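Common to both upcoming complexes is subunit A, partnered first by subunit B, then by subunit C.
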Partner chain A sequence: MTLAASNLTIERKDEFYLNNISFEMSPGKIYTIIGRTLSGKTTLLKTIAGLISQDSGKLTFNGNDFDIIPVWKRQVAMVYQQFINYPHLNVFENIAFPLKQRKLGKEEINDRVKQAIEQVGLVGFEGRKIQALSGGQQQRVALARSLVKNANILLLDEPLVNLDYKLREQLREEFKKIFSSKASEEAILIYTTTDPVEAMQLGGEVIVMDEGKILQQGSAKEIYENPITTKVAEITNDPAMNLFKGEIKGKKIKLNSKIELSLPKHFKDLTDGHYTFGIRASGITLAKSGFPFQIELAEISGSETFLHLGQGQVHVVGLLDAVKNFDIGETVSVIFDIEKLYAFGSDGILMSSPYSGTK
Partner chain B sequence: MRIFYVTLKYTAVTLWSMFIIAPFLWALSTSFKDFNSVTGGATYIPWVDFEPTLEGWRVLLRSPAQGGVNIVEPYLNSIFVTCMASFVSIVLGTLAAYALSRFTFKAGFIKNDDITFFFISQRIMPPVVLAIPFFIMLGKLGLLDTLLGLVMVYVVLLMPIAVWIMVDFFNKVPIEIDETALIDGCNPYQAFFKVVLPNSIPGMVVAGLFCMIFGWTDFFFAFILTFTEVQLLPVAIVSLNSSITPWWSLSAAALVSVAPLVVVAFIVERYLSKGNLSGALK
Partner chain C sequence: MAQIKLQNIAHSYNPDATDSKYALKPFDMTWVDGGRYAILGPSGCGKSTMLNIMSGIVKPSEGRLLFDGDDVTDKSTSERNIAQVFQFPVIYGTMTVHDNLAFPLVCRGYDKSFIESKVNEVAEALSLEGLLSQSAKKLTADQKQLISLGRGLVRDNVAAVLMDEPLTVIDPDLKFRLRRKLKEINQKYKSTLIYVTHDQNEAMTFAENIIVMDDGEIVQIGSPAELFERPKTTFVGYFIGAPAMNLFDCDAVGSNAIKFGNVEISTKTDLSSIKNKRLKLGIRSEYLQLVKSAGKNTIHANIESVDDWGNHKLITANFEGSNIKIKVKREVEVPTEKIYLKFPAQNCCVYENEMLIS
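Now for the complex of A and B:
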């Protein structure tokens, strides 16, 4: 049971919504598509669901042409980022809706709906009107309706994005458990998100998309350790990976006239020349004997402080493992953890990473 | 300070209510007066200022031969024509509006917005411009002075209102509801009838109410397109007038003619005050 796409392309008014998308997905796995807004994630899900037809390319399921099957006959379920439910039906009726469409027996419908309600933690809410539920509960109803179908392909389009932080964290954990059991039931789960943390937490296979293209596909660990381009490095990190231009000369990395870094071991095979260097916020912090930077902005996030720092043309975001107030324009001493540096070529392709050395 | 605002609020509401209710009370009072009570200066309270009489109401039930205007038949005709025309307008208008909201039409330079405007443009023209074509067309079809002819004309006049309101309503209904229904196993027709339509009742009620108001209160076409066989209520009320304006029976007729709209407004009020779509998309 494989879902395969080859060269899926959708173009409207000279703009690519999907640009030569190819992939192969197997059951038992969670595929997390990460990309910025308008990167083509939703378009891809809707194409898989059959709600949008591609201009060219082919979609097959189990080797059979998927394009000729109308949406209502595809074994697909979908949860939207908005909490889409049927307002004229109560919770039970909402979840039972797809089963009634399939004309299943009353007993079977009751059993399966009850099971789905238990799975998403909505026991006792069966008779409630959708309008009487909170946002999180509404999204649980939508998820239950998608689970109850036992569809071969479950599409989840940023299902947590409209929830508040706490609820998002809670549901993410619950969803992960549900998805794990669902994935083991031989279903293909495709989850889209703009949140790198979410993508990494869900594990499974990560697909990075931008401007309708797949930039990279691999395990969460692989993408984290070796983002193949600067674009992937930006998309898959929050805050985005710091990228700055510099030069390797002799055994030094020169970022500007004031900042010179030692060459880390994993850069030893790089030849002298100009590169784009990358480092995550966690690789830049404050220390006594560092480079002078001005504070441009200080954001307290939980027990940490993100520091937006600038020196000449170099602007970076660093991380302080403490909560502290800073004045804007204040000069601080900053150090770079060179063992966490990435090097990208002038075309933005990864040349060297701290995890796998020079390519 | 709070007491001041509460007092101010209730005073404003009371004054506004009086402003709305006063004409009805005035008409009600006048309907129980006779010639002397109406022309003998301002009188307000029955049995105190004037002796109430049912004459104004009796005229509405007497035949013309008995010096009255029997409004029962015109009343039933108006109910039939308004209800039928509103019903057909809502059914056709809802289907047209759904298509205009969900599908893209393009014929040369004509697009969805243009088609919607064509519907609305029917209401832009002054009624007198439409009167002659309608008259000629109904004449050729043999439908002048018939209920069917009036229903057809009113459908033409009311459907733009239904389309206009329903296009706006459907544009606010997230398309993801339709898509979810398709994914859940509905074909496009089932998605419309099982999901979209039940959630469109508030919009249909609003459109229906507007159609009924416009249909019920029209005098011009009811007057132009009927002669002796069929008469609608607004025409019958006007025929009450004579050399001496019978304010008492005109007031009674005015109250009777307003009554159905008031009843309908009360029945559908709960649909007007709250949208049923909250919960579709939060």
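Now for the complex of A and C:
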């Protein structure tokens, strides 16, 4: 079973909603599309569902042209950000609805609905009215209704974004289990999010989108280790990866007149010249005999403190492995872990990464 | 600016009903002038009710509200001189950024030169100077939220800025930028900022003091570090931190030791006067230490899974039927089957009937 797109494009008033999107997806893993708001994630899902049609390009399913198949025959189920259920029906009836439409036998409907209710953890709630459920429970109902259809393609459009943070954490863990069992039984799962941590935690194949384009596709690990452009590095890290311009000259990296770093081993094949360097907050910390930086802001997060640091034109975010308060403007000594440095070319394309050396 | 005092405040949305339930149970609270606060809790805990009482959108069914000693309980929102920022930016789409910021002052009939100087000052503080002549409609979501905030700040003597989940519509990598701006504003204008959220991460990074609420009650008030290190109840331990604090059933076995499974763990908590011997042990996933061999305060657990979280790895292990989460740095090598986990005594919290024994 394969869902394939080639050069899908949607353009409205000179603005690309989808710009030459191509991919191939098959069952067995979850595909997570990560991108900022308005990057084209929802548009892509709607195109797959048949709710909108592309201006050009092709969508095929198992080699057959998908575009001529109407929405109701596509075997696609979708879960939205908003909790969409039938308000006049109870939990059981909501989940049974698509099966009743298909006029399945009573016994089969009962069996399938019961199984879905168990999967999403709603046993005991069968007779409840939708209004008497919390947001998290409502989204469980919507998910169960999409599961019960046994659709070939399951589309999940930021399904947790409207839930409380803590509930999101809990459902993400539960849903991950449901998704992996669903994916292994021959369904293609596509999940969208704006949250880098969520994309990592779902642990499948990650597709990075921006301005209607796919910037990179790979395993979550691959995207973390080797973001192919500065844009990908920004979108897929929270806080965004620190990026600053600098120069390699005579075995040294010069960021400005005061900051000079030694050249890490994985940079050895880079020629002298100007680059954009990248490093995650976790690669910058405080230690003696470092460079003087001013604290612009300190933010405590659990057992760590994020430090916004500035020196002249260089502004970075670092991470201290402890909880500590700082005065704004205080001067601190900052070190860069050169083993964690990335180098990007002037066009923003990855030249060297700590994980794969120089390209 | 003002000190805000809530005296014996309580609220029920249906006070006359026989089975009336408090959305907010009676409490006292003083907000220090210039402080940076977050009110944190799950949906329905009463946090928005508390905010709406301060802004005047909701009149409390019991108690008084004082701004610098003045009773404002019966005053309307417009008489309270507070600025509000909501989940979604509220801007005038047909106006420029400049006119959006000037609007509250124009409405109050200030003269032109005063308005200009105020608008410029606030625009500079919010880094909106370059955008003043642009149409507000075209801006990004975080810039629009800054304008909503700026409209509150142009007025003099704002008693407090009240924000109800202001970062909801902002993308993760831009949230950081807006939070930083909010803190700068707090320092520059010394205005009290009160920020309502369900997101512990936002509350921790933003506030000096966090008010944790559950089921209409304040369960703990403290600095981010206090809430993380010494959660007063198991609920706070669960709600703060990602993943939630590990909590295990255990028995008191000595003046400061507990028994977890067959292993004795000593803590820094005085347990000599505890009557109830059934307790709970709480420890953060960040504080469990991977060690090479058996020893004091150390258990030997089975590894169930290791998840890649980017900067961290999350290990899920099992010890005598209890699930344990351990968060380690990406670089840490994790054994494949079993691990020795050490419980540092100073990081162990002990709970009796879900309350921290202090």
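Criterion: the second predicted complex is superposed on the first by the 359 of 359 C-alpha atoms of A that agree within 3 Å, B and C clash if a C-alpha of one lies under 4 Å from a C-alpha of the other, contacts with A are read in each partner's own complex, and residues count from 1 in each chain.
One rule holds for everything that comes next: a contact is a pair of C-beta atoms (placed from the backbone, for glycine too) under 8 Å apart; a residue touches a chain by one contact, two chains touch by 3 or more.
All values derive from a computational prediction rather than experimental measurement.
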Partner chain(s) touched by A:N20 [first = subunit B, second = subunit C, both, neither]: neither
Partner chain(s) touched by A:T60 [first = subunit B, second = subunit C, both, neither]: neither
Subunit B versus subunit C as contact partner of A:S282, first or second or both or neither: second
Partner chain(s) touched by A:G135 [first = subunit B, second = subunit C, both, neither]: both
Partner chain(s) touched by A:R145 [first = subunit B, second = subunit C, both, neither]: first
Overlapping contact positions on subunit A, where the subunit C interface meets the subunit B interface: 135
Subunit C to subunit A touching residues, read off their complex: 42-44, 141, 169, 171-173, 176, 179-180, 183-184, 187, 198-201, 204-206, 223-225, 228-229, 238-239, 241-244, 284, 286-287, 307-311, 329
Residue ranges of subunit A touching subunit B (in the complex, touch as defined): 46, 49-51, 70-74, 76-78, 80, 82-88, 97-98, 101-102, 129-131, 133, 135, 138, 145, 149, 162
Residues of subunit B that touch subunit A when the two form their complex: 174, 176-177, 179-187, 190, 195, 198-199, 276-282
Subunit C contact footprint on subunit A (complex, rising order): 36-37, 134-135, 164-167, 169, 194-197, 200-201, 203, 220-221, 224, 234-235, 237-240, 280, 282, 296-297, 299-303, 306, 308, 317, 323, 328
